[in-house]
Structures are given as C-alpha cells and as structure tokens.
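Input: a single structure, listed below in structure tokens.
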Amino acid sequence: MKTTFPQKLARGAVYALLLIVFCGPFWGILATAFSKTTVQPGQLLIWPDQPTFDHFIYAWTEVKAWIYLFNSLLVVAIGTVLQTTVSALAAYALARKKFRGAAFISLAILSTMMLPDEVISIPLYLILHQKLPLLGVSIYNSYAALILPLVGWAFSVFLLTEFMKAVPRDLEDAARVDGANEIQIFLKVIVPLVKPALGTTTIFGFLMIWDQYLLPLIAVDDRSLYTIPVVLRSLRVDEIMQQNIFIAVTVIATVPCIVVYLLLQKQFNRGLMSGAVKG
Amino acid sequence: MSIEPKRWRWTIPWLFLAPALIFFTWFKFVPILKGLIMSFYQVKFIGADRWVGLANFERALTDSALGAAALNTLIYVFSTTIAGGLLAFAVALILEGQALHIRIIRTAIFFPAVTSVAVLAEVWRILFYPAQTGVVNSILGLFGADPQGFMSDPNQALFVVILLQVWKNIPYSMVIFIAGLAGINRELYDAADVDGASPLRKLWHVTIPGLVPAFSVVIMLSFIRGFRVFTEIYTTTGGGPAGSTEVIMTSIFKTGFERLDYGYAAAVSFMLFTFTVGLTVAHVAIKNRFSRT
Amino acid sequence: SDPLKVWMRYGDNEKNVLDQITKDFTAKTGVEIDLFLANTDFETRLARAAVGGSLPDVVVNDATAMGQMLDMGILKEVDRSAVQGGDQLYDVAWQSVQAQDGKFYGVPTSAQAFAVFIRKDWREKLGYDVPKTWDELAELAKAFTEKDPDGNGKADTYGYVMPVSATRGYASWFLSDLIWQAGGDFLAKKDNGYTSSLATPEVEKAVSFARDMICNGYAQPSAITATTGDATPVFSSGQAGIYRSGPYHLAPFSKEPGRDKIEVIAPPAGPAGQAELAEGEAAFITVSSTQDDAARQFIEYLISAEGQQTGMAVGIDSSPIVRLPVNKTVNVAEIQPDKAWATYADLYGKSGHYFPRVPNWKPIRQLTADGFNKILSDCSSDIAAGLAATDETVNVELANQGVKAD
Amino acid sequence: MGSVSLKNVSKSFGAVKVIHDVSLEIEEGEFCVLIGPSGSGKSTLLRIIAGLEDVSAGNISIGDRQVTDLPPKHRDIAMVFQTYALYPQMTVRENMGFALKLAGMPKAEINAKVTDVARMLELDQLLERLPKELSGGQRQRVSMGRAIVRNPSVFLFDEPLSNLDAKLRVQVRGEIADLHRRLQTTSVYVTHDQVEAMTLGQKIVVLKDGRVEQVGRPLELYDDPVNTFVASFLGTPSINLIEADVTGASDACAARLPDGTEVKLGKNNGCMPGQKIFFGIRPEHARLSLEDQPGAIRARIHAVENTGSDMVILNEAEGFRITAAFKEQRALEPGASVSILPDPAKIRIFDAATGKRIRRGEDA
Amino acid sequence: MGSVSLKNVSKSFGAVKVIHDVSLEIEEGEFCVLIGPSGSGKSTLLRIIAGLEDVSAGNISIGDRQVTDLPPKHRDIAMVFQTYALYPQMTVRENMGFALKLAGMPKAEINAKVTDVARMLELDQLLERLPKELSGGQRQRVSMGRAIVRNPSVFLFDEPLSNLDAKLRVQVRGEIADLHRRLQTTSVYVTHDQVEAMTLGQKIVVLKDGRVEQVGRPLELYDDPVNTFVASFLGTPSINLIEADVTGASDACAARLPDGTEVKLGKNNGCMPGQKIFFGIRPEHARLSLEDQPGAIRARIHAVENTGSDMVILNEAEGFRITAAFKEQRALEPGASVSILPDPAKIRIFDAATGKRIRRGEDA
C-alpha cells in the first residue's frame, strides 16, 4: 500500500511523458516563434535560438495581425456573452418549466448540434444578405454578421439545461415563497448555482466562435473585418511567408484561448465533471 | 403578471425561450430547410434552379468515391472512439485525485482541447513532417527507426489524422472519466478487497461498471465529432494522399465548394445529418432503457 | 454613380501595386474603384455572390477559371474588337479567354510561364553543370539529396521540390510540364470534341519520371501532400535545391535564400524536347454589371502600356500583378532589372503551353490530379492501368461538359 | 390573521389523483402536523397551501382571504424546507433578508430585523457565513430564521428535521416547540416521524393515499384511533394487533386469541360473536410477569431490547408475537416463560375485514 | 476461531493521528459495538481490523493468527457496508457468490451455499434481480447475505442501518440480533446510534477522538459510566448533569445544586467538601410530582413531550434545567410547579474539572 521509491519514479516518468505529449508541441511552437533562426518545414526548436521578438513585430506591423486580433476578440467577447445569455434563458425554460412542446423544441435544438456548419453555409449566406424581418436592415458585411449566426448554439443550451435540471426544486420554491418573480428566480437563484456550467459553456463557446472560419468567409467581404483564422489560412497559402512568422501568428491565435481557459478552468473542470456524470 | 398569474403563466417558458428561438429559427432552422429544398435541385448560380427530384440522392447512393469516403469515415469514427476512449481511460486512472501536482498536470494537458483546430492542424503538420528532420521522425530515429512518410504515405495518413483527433480528445474524455471515477462508491473497492479481488478484478468488476455512464457520454461525443469531422482533415491532408483520408465531409466540401455542385452536396449532407440524428436518438433511447430497468 | 466593384484573386502581397493602379485609374477617369482581394476560396465566394445576387462588376482571375465562371453563367461576352488597345495584346493571350463557342469572355491582363529555380551555390559546390535534360536533372536531384550540398554533415537536404497533392489539382498542374516535355498531352482533340489521352507511353514516361523522383527519395518527403504553399518554404529554407515555379517567386527567393544563391533556368528538356506551362490572368465583366463602360475603361487601363508597367511593380514594395506583360509594346527585359525575367518571357513566347480550352478545365484538373496523386503515392502500382482508369473518369467529365468526342 | 382552511381540495398530476377531496380547518395560532407514510400526499398538500401547486378543485383560505388563485408571495406564508433550501451563494444575512429585499424594504430596516431574529436564534455570530460553512443544525436554524424574519401569518414546514442526526433532531424539535410557544404563529408541519408529530402537534392530521384518515389532538389519536392504520402508525414500538375471534354474548363478549386465551372485552363493546377482529394492545399496556397469572397470555421471551432507560420485550406466544415495554430495569433473558396481561381499559379492537375501530363502552 | 484482539493499535493519516494506542479484546462469538461521535475513529478502527487500512503501530490478531500484515482476503472476515456496496451490475446471486468465485470454489457448491443463505434471509425470490431492483431493506439483507455466505470467523458492520428509514431500521436491527443468536459469529459493529448499541451489543466500546473511553456490557456503561462523556452519550433523553458544590463532611456529604437544594450523596462518596461536581441523574430516575416534597428540587414545567407511550417533561429550576421521563400518562401542563426527587441510588457524580466519575459507596 505504501508507495516505494521505484513506484514514485515510474509515476514521475508517466507524468513527464503526458506533459511532453500534450504540452510539448506548444512549447516547441513558442520557442520557435521567439527564435531568430529560420526553421525548415517540420522543425521545431526546443529552446529559443537567438531569442527575438522580430517575428511578432513583423506579424504585428506587416501582417497587421492586430487588426484581426481585435476583430476576433471583439466578435468573441460579444458573441460569447450573447450566446451564453440566450442559452441560459432557454435552458431555464427547458429545464424548469413543463409546457406543451418542450420535447419538440428540445429535439429541434438538439438536432442542430449534429449539423455540420458547412452544410448550411449557402442558405446562410443568402439569409445574411436578406434584410432582417421587422428591422429591415441587412447585417451582411458587419460585425453583426460575424456574431449573430453563432448566438444560438445547441451545445451550451443542453449543457446548461442538464445543470439547471439538477438545481433542487426546493430552492426555486423557497425563492417563490420569498416573493421572487421569474426573472429574479432565474438571476438570483438558478444562475449563481450553475456557474460551473457557465464556465464550461463560456470556454467552449469562446473556442467555437474563435475558431470560425466559414462564417467570416460568407459573412463579410471587407478585409478589415477578417478574423484571425481567416488570416491564418490566407497566410498558409502565402508562399512567401517565413515559417517563423507563420508560427508567430499561430501563437497569437492560440494565446487568447489558453488565457481564457486558464482563467475559467476551475469553474470549467467542475462543470465538465458534474455535467458528465449525469450524462 | 401578478394580476392574473394563472392565465398568463403559460407564456413564461416561451418568453424565456424567445431569444433562442429567434436566433435558432433565423440562422439555423430556415437555412436547414432551404438546404433541404436545395437538395432536390441542380443549383444554378444565375437564374432558376433546376428541379431534379431525388436524382441527387440516387447519385449519392451509387457514388463509389463517396462510398470510399464513407468507409474511411467509419474507420475514422471507430478508431478514434476506441483508441481515444481507452487511452483517455488510462490517463484518467493515472491522473485521478486531488493532489496539487495532479491537478496542475490535468490543467496542462488540456491545452490541445482548447486550441483552434487550425492551429492543431499546423502543429500536426510540423510534428509529422515526413523528412528525417521532422519532429516525430527525429524521435523515431533515436530508436533506430527509418523516417516514416506519415501523412504522405497513403498507408499511414489515415492513422496519423486519427492520432490527431485522439490527441485532441483524450484530455476532454479524461475529465469525463475522472468525474465518473469520483462518482464510484469507495466502499465498493473495499468490498472487493474483502472479497479478495485482485487489482485487475477490481478494475473489471468495480471501476468499469461504475464508468458505464461516462463511457456512454464519451462514445456519443466521439461519434458525433467523428462523423462530422472536417477541418482536422481538410487542413492536414486535404483528403489525400490518393484519397486515403477522404471522409464524407471533405468529399461533400469538394463537390459542393470546389466543384460548385451545391444540390448534390446538400443531398449528401442531409443523408449524413439524418444518420447522425438517428444515431443520437438511438443512443438516448438505449440509455433510457438501461437506466429505467 | 456607384464605385466600380472589382474582385481580384490576389492577396496582401499585391495590395500596394493594386492600390497604385486604382489610384492612377481614378485620377485619370474619375471612376471610383471598390476593390476586394481574396487569395483563398475565391471561386466559392464568387459562387455565393452569384447565388446571393451580389456579384462585382469586374473579376480578375486565372484564365483557367473562365470555364467554371461560364458554367455558373456569370460572365458577359467581350467584343474583342471594341476593346481599346486589344490589338496590342498577344494573340496567344487572347486565346486563353476564348470559349468553346469561339466567343471571348474576358481580356487577358497578365501571363507567365514556368521555369526552374536551382540552388546555384549548391550546384557549383558539387561541381555540376546546369541540367539540360531529364537525366541531368535527376542526377542533380540525386546529388543534392546525397552529397550534403549545404555542408552541415547531415543528410537533411533533397533534390526536387514537387507539389503533387491532389488538393485543388496541384498534381496535375505540376505534372503538365513533364507530360508535354515527354510528348504527351491531357486531351486529344478530335473533330467533334476531345477524348482523354493519358494512357499513352508518353504520359507514362512523364509520370514515371516524377514517381522515380519521389520513390528514390530525391523529392522532398512531403511531396505527395504538398501544395505550392507547402512546397515553397522547402526551397526557400534550403531543404531542397530544385523548384519549378513562376516569376513571382523571384523576389522572395532573392531575399531568402538570396539572389546570389539561385539561378533560373529553362526546364530541362524531356524526350520530346522543351515545354512548360503557360498561364495567365484575365479580367472579366459579370452579367450583373450595370457599369459596362466603366468596367471596360478599367480593363483597358489594366492592359495599357502604363497599366501593365505599373502592374509589374517595379519600385513598389509589392508582388507584381503583371508577371509577363500581355501587351506587345511592353518589354519586360527593359523594365525588370533582374535578367531572369527575360528567361520567363522567352519561355512564354517559345514553348509555353496553355491547358486545353475545354469548357471547364477545373474538374478535369481535379480528376487528373486525383489520378496522378494515386499513382505517385504507390511506388509499385501499374502506371498504365492507373492512367487508363483516370482516362475513364475524365471522359465521363468531358461527356458531362458536352465536348466528348465519339 | 392566520387560520387556514381547505375546502374539498383535490389535486391530480396528469391522470393520477394524489389528493382526494381534503377538507381541513387549522385555527389561528394552532400547530398542525400532517403525518402519513411516504407518498401519502403530505408535501403536496403543504405545497398547495403555499401556492406552489395549483389545486385541481377546491378552495383554500388563509385568515379570511380566499387565496386559491394567489401566488405564494401574496399568501403571507413562510416555508421551511427539508433541504433547508438556503441560497448557497448568499451569506446567512442575505439569505434571511432576501424576501424582505424582494419586497422592497429599506436596507436598514432589513438589517435590524435580521439581526433581531438572528439574536433570537443565536445565529448572530454566523451572519456573515455562507451556508456551506454551517453545521446541519445551524443551517436548519437559518432556514427557520428566514421564515421568521418575514413575520408571516402561517409557517409551513416540510420535514424540517429529517436531515439532522438523532441527537440534533431532538434538540431542534425542542427549539421549534419553544418558538411556537413564543410566537404563536399558525404552523403546518409535515413529517413522517410519529414522535415529532406527537410531541409538536396540537392537531395531527393523518393522511393515507391522499385522504385524511383522522384528525385530532395527539393523545386523542393515540388512545382513540379510528382504524388499525392510525393505531399502528402512531407509537413505538407499534401496537400489538392480534387476529382474534369474538366469543360469548354480545353484551359481554371476549376475544379468543390464536393460542386460545380468552380476554374479556367488557360491556357495550359493539362486537358480534363470531366476528373476526384485531385485538389491539399497546406494548406499554401489556403487563409482563414471570409468574403465571390467571387469564394472561402465556409466552416465551424471544428477544430483549434494553436501552437502559427502556426495556422492550419481544415475546412469542402460540401463533402470534406480542411486544411489551416498560421503563423499569428487570432481569429478563430470552427463552424465559412469561405471562402477559393486557390492561383491560386499554384494549382497542378493530374489525378484521375493514380495519375500522369497534368502540367499546370501556374505551377511555 | 473468531476472537479479535487489538494490541496498542495506532493509526495516522499523514501527520494526523486518528487512532491512539487502542487495545481491545473481543471474545469468540461476542457481538461488540463500537460507538462514538462522528470522527471518533470508529470506521477507521473497523477498517484496520478488516485490513483495509494499515496500522501505524500495534498488532491485530484474529483467532490465534497474527493478521497485522495480511490483506483483507486472508483475514477470514466479512464486512457489511453502510452503503451496502453491492456490485450494481451483478444479480443478487452473483453478488453473494462473488467472494466464493474469487476463492475458486466450484460453481455448484457456490450455488448451493448462496441458495441456502438466501433462504435463511428470505431472499430466495430475489436471487436473479439486480440491486437497483431491490428496496433498501432487501439490499441490506443481500449485503448481509454476502457476508454470511463466506462463513467467516468475524463479521464487520459499518453503520449498516443508517441508510434505512426509522421503521425499517428497527426491523432489520431485530434481524441482525436474531442472526447473531443463530450463527454466534464474532461481530464488530460500528454505529453512532446509542439505541442500536444498547440493544445489539454484548460489549460496547465507546470511542472519542480515537481513544477508548470505556468498554463494557451495555447496562454497565449505562449505569456505571466512567465519565460525563459516556454518561451523556448513552440514553435518550440524556442524563441531567447539574453543576453542584459538595458540602458537609467527607463521609456524608451532599451536593448543593444552583437553586440551593441539597441532595444527600450518602457515605463513602469519595468527594471532598468544596469540590465542584456535576450532579448526574437520568430522566427516568428523576421522580416528578405535583405536590411539594421535602428535599425535592422545585421547578416549573417548561415543556411536555408526550408520545403517548412516553412522557418527557422539561423543567426549569432556578439556575438549571432538569428533565424527567416516565411511561404513565399524567395530566401535566407547561407552567405548572412541580417538585423533582432524584432516586438516591441512581445519582451519579462527576468531577467538574475532569469529567471523571466519582464513585460513591451507594452506586449500584
């Protein structure tokens, strides 16, 4: 039962292996992006060679990564907030209300989860060109076009629904007896209790919006509205770009995701875990 | 609301659902319907589309290239599910617990799961660069192996893109397994100890049965991801070499977006869509039956 | 009136020269230009714009894409004789925008031929001559692979950089030179149309030459999945020493690995002599354009001597949009300071081959690339059988396009 | 202000009727306990009073107001839940003040009230803690405090003690009793623990399958149950119910137990010779002695449960078991022969077919 | 075969010592109950006996075998868990036979054994069911069956009843007692419920903070506790412990209660005048009457808890509270003045500073 030294050593080796396999490549990319040495395709540096910020400076000034970074950040910030809010509201109804049609709505929303985005891109393009009903404006070629189509996301609706189902009924009843109305119950009782799930949906929502390639492609024409993934792709077909610069842009594209993950990871792990057990 | 609460109460769920329904309807349901309609047409770019009835569907069923892609997709789905599931399970067993260093490692190895696919694909192309100087080849070289072709070798390419998906999914599945492990009654292990079970027996009779719900989630997620896999493959091998990594979605993308045959692409998409929805419904049904009895 | 909407298949590298051109044009004519650049997913965007009714007025794209655009039905016929300065253009360039029906649907704006870049320093170090034939080429590739031309003591260099991925038809695009050099062709033209003509000893020779390169390990290892995007850095970073490419790479390769280290040579001759791919860009007016006059004016400016000269981007920090001028009155050797340009111009005029002008080349390019890629990725497969199989799929496509000869 | 009255209340969930035509009057200031087995509809009835469930039919009034269609917040009630239902993200102070805050009371006033009640419940040291930082008993008190702060006309309790351990349960039970003595607020209290019901209730309502079986004061129900269900539901150890036949004439008949013992049932017993009955005697009314007694049931001790303060003796007679209980310590060993004499005044008999009580003239 | 002996057993988790030098002898066939408050180390001690935890120091033997370093399966024990720990994917039959199967017993033999035990526990109808298809009580019985099948030298129980509801708990408690009477297997039983301890145990071990406070037969502990902890841990309602001063001469001193009442402590009481003590009297030994009695404690009724079978009267005297309990029904109302007379033979006194018992000559 007691762990012996060789056992400890073996454990340490396994941990190291896991870290190398799952984090090593990221380290390599980072080290390479900061190296002056030009790398050949298929090479990564383990340690920065002649450390330099040049590639980032180039990415910043020449590639103008900052424009796209700003776009990406703006879109992802607004998009994630909207997405999470809308999902939470819907999840509240689906999790805690009995009403006719609930099963149908759930199924309809769930089915969109199975749908590859590519499949609807043409019709979506047409719709983006149409004027919005009632409002009479078209959102094509604007930030709105990069955000609004992503607001409805089945995954977050469902994760939050599962969580909200688990909130004890007594709490809701207590609030009702205390005189809370529906909005107050939602905001003051349910939402604080599903914080872990909100953390999870925020991270995944963030990643999902951040990762969008297809939507910018069909939603905007204006280069100044491009986001990081679009630029990443067009840099990849750019045959003149130096490998290190490309890797530097890759790093720029990765850092926000990792930062958001690290910020929310406590909530996130709890959310993922408890959500998962219920399955 | 407070004047005649009973009469208006039915509106409450709908008010909460309204924003979501608006967004889903306009940006999902309507496009889906439009897409479905398209699949019955030969889509023209200028002027009216031509009604072709079920011709697109018929073509899909007899398209041998699509058949090959479907086979690759199946191989992809099952390999990523089995390999990813088992490896994640093993990692979960190793990284279970609340000790600080274990939590730090868990956090760290989650990076691949929270990184853009575009970036991951880049990482993969670099790691598995087929030259002798490529990262993985250099490591293999340390063990005396010859440089491998990886994604350039039609016999290995599918395996390498499968490995990418496995790599990316292990951390995610691992967290689900760890949650499942935490839910297993500790006393069951004690009971097994008292009953004289060996560690392997405990794994088989206590741990694995206790993880059935976790396995179910992991398998389902892996299936959904597997059948609609696109970016991971398109950005690494583009379906090649020699079509060895062509999957349904890359095939759809090529007909639809490179050859601009939208009607056909829409038809194949909807067949895939119907299939995955059916799969999910079946999974839910099976799960319900299991948990009811 | 509204600004003229122009879409061009260029990227950031060409942005400066295009800005210059539009500025000059606007200054001259008062017509505002609304310019949109995209070097990825260009046709996809066009298709969506067509479906969505938001096509631009003018499209500048590869001439090979004309078939597809015609297929979509988005192009307007161009009256060749009404194009001011049209008579100054090379006739072979005009042919690239002539459709099956004999009508013209675009105006050529730029041309290029392909030549071969070689690491001069490596070659000289190892004591080889400039390769003039396939055999010499293979010799040199072998030497670059095996004789450690960069002198770092490691076997980390390769000979020939070959982008032969099936993606978007690269394999077909790359092999075209070899096929022609071997005396083969993609299609055989008959009276009433075309048939696929890949299953010939000539094409087999070409494919076999390429496959030996790969299977002997003289090509860069990732060749089989490489697009030009993947291939270019292999050359520029000094991993391999031979690369077949267009003049647009002169500038970047002059920076890295360096002008003194590279040379541009005519493609080594094959069994049937010299031949290389010629390509070009062209400007098209879309059916939905309501500003035909302004559009024509813009195109006329592009092909004018002034426009062509600006487009060559000499003195502008930009890649050129005019590689080789299509205007006879413009002499590239006079304008481009680097003599290598003359090599390209020379090749274009002497032995340049355009792809066959079937209604839509793109699907055929894809199908042949798929076929080639399959053969190239298996060192032991039967090449003739593979080519015969490819012939079949191409013939089906020809039939689809209604140009299959009986 | 605080009487509660239910008139013919019924409730169905979908097709299933879970409350059947219940009528009930709870007087102002009264402490009424709803008791019954699991699934008997206790919680549902309480939630109906609270307004958390609609009724399918019937009326509810609180004080003189019809509240049938009012939402909970307008019913002037407060509720204490089994799980305490404290808002986990709020401190004790915020939990207690939440309802007042929602009602728009000024902050200072809320604070004063909360502090007041907290002092009364000895929670004043804990006001800034979160629920998870409290022990079970403290949480329970916070949940009561939250109810008290609102000063409602009616308190509703849904098994408020069932999450506490045995010792704490006794203590908090005492606190609830004290509180009611002090505040005199009408209370409705759901439990399935008969000791709680007996010690707390001024009125006990016994429910079974959504129907009221009997309503009355605790000892009334204990001594005078209307049927075997109520009789065996109350009291631990349970009442002995022995199948028996009625013999003798109707004005002075006896019960013949399975072992042949005949026990006189007294006069005016309402029973008919030949009738099958349950002969009921509570363990503490079954006097046990080691000597033979005339007319006593002869039995053998099967098991002795001695808690120090109480002895419970499980005996085997011929054909049935009978339990006796008493407080004195006596030296008794399993296997010993004993005779057991039911206290004649405490015998209760029930019709065997219907379980209904048969009243005797002697029943106190 | 089945005696259990612990010699100077200690156990630490990391830096925290949770079992302090415990020595214990359990005889063959004895039913030994470990009792103590939560966290006192009961489960840990049981798991040490089972071999599920290593000891930090000390020795354990079962029968005449040293088992300190043996794994559970070689200790010839069986264990019943609080959560029953039935393998959810196995039928009742498979659950019960699992240990035998692991031990390599032939299938037919396993089947015979399982069927046998199942019949004994009335589980024979349920053998093919899965645990989730069983009620709580049935699961409990399966988990006992699983232990019995192995015919071990020692049964270990870790709070086996705590997941059952009150009624079922009483019933299963009876079944466990019956079983032990029948099988006479040495048993170690962990609980924190004193009623279970008193009714089941032949020997009770009271633990506190990982130390043994007292070991003895149930009534021994009840009547003769070594300190206030043991005295108040056993018995509901709890013993009254009243701070008092010793007065008078040492051979016949008395206790002066806070209200001034002096209660004679008898001779040879071992107490010293002036000493501070706790004056202990159990509620059932505090006789309560409505009339004034000489030498009695005068008090006012604060609350009456009447369960029908038992009355518990909480009284307020000057400066302290005192509880009385009895089985007779008497008409008592809160507020009434009463006098309370402790049974002189049942008075127990403790040193106020240490809580240690002070033995009197009169202590029975």
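By letter and in written order, the chains are A, B, C, D and E; residue numbering begins at 1 in each of them.
Everything that follows uses one rule, which is that a residue touches a chain if its C-beta (ideal position, glycine included) is under 8 Å from a C-beta of that chain, and two chains touch if they have at least 3 such contacts.
Because the structure is predicted, anything quoted here is derived from the model rather than measured.
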Open item on the list: I need the common contact partners of chain A and chain E, sorted by label.
Closed with: B, D
Open item on the list: If you average the CA coordinates per chain, which chain's centre is most distant from that of chain E?
Closed with: C
Open item on the list: By mean C-alpha position, what chain is farthest away from chain D?
Closed with: C
- [ ] Using the touch rule from the top, work out which pair, A-D or A-B, shares more C-beta pairs.
- [x] A-B
Task: Intercentroid distance (Cα basis), chain B paired with chain A, Å - done: 16
TODO: Just give me the whole-number Å value for how far the CA centre of chain C lies from that of chain D.
DONE: 92
Task: Centroid distance [mean C-alpha coordinates] between chain C and chain A, Å - done: 39
Task: Between chain E and chain B, distance of the C-alpha-averaged centres to the nearest whole Å - done: 56
TODO: List, in ascending order, every residue of chain B touching at least 2 other chains.
DONE: 2, 43, 125, 129-131, 133-134, 257, 262
Open item on the list: Show the residues in chain A shared as contacts by 2 or more other chains, in ascending order.
Closed with: 40-42, 122, 126, 233, 236
Open item on the list: Which positions in chain C are in touch with at least two other chains?
Closed with: 41, 44, 51, 156, 222, 227, 230, 239
Task: chain A residues within the chain D interface of the complex - done: 168, 170-171, 173-180, 184, 188-189, 192-193
- [ ] Report the residues of chain D in contact with chain E in the complex, numbered from low to high.
- [x] 165-167, 170, 174, 177-178, 181, 192-195, 198-199, 218-219, 222-223, 234-237, 282-284, 303, 305-310, 312, 314, 325-327, 329, 334
TODO: Going by the contact rule at the top, pick out the chain A residues touching chain C in the complex.
DONE: 38-42, 63, 122, 125-126, 129, 140, 217-218, 221, 223, 230, 233-234, 236-240, 242-243
Task: In the complex, chain B residues that touch chain E - done: 185, 187-188, 190-191, 193-197, 201, 205-206, 209-210, 212, 293
Task: Footprint of chain B on chain A - complex, ascending - done: 11, 14-15, 18-19, 21-23, 25-26, 28-29, 40-44, 85-87, 89-90, 92-94, 97, 99, 102, 105, 108-116, 118-120, 122-124, 126-127, 132-133, 148-149, 151-152, 157, 181-182, 186, 203, 207, 210-211, 213, 229, 232-233, 236, 246-247, 250, 253-254, 257-258, 260-262, 265, 269, 272-274, 276-279
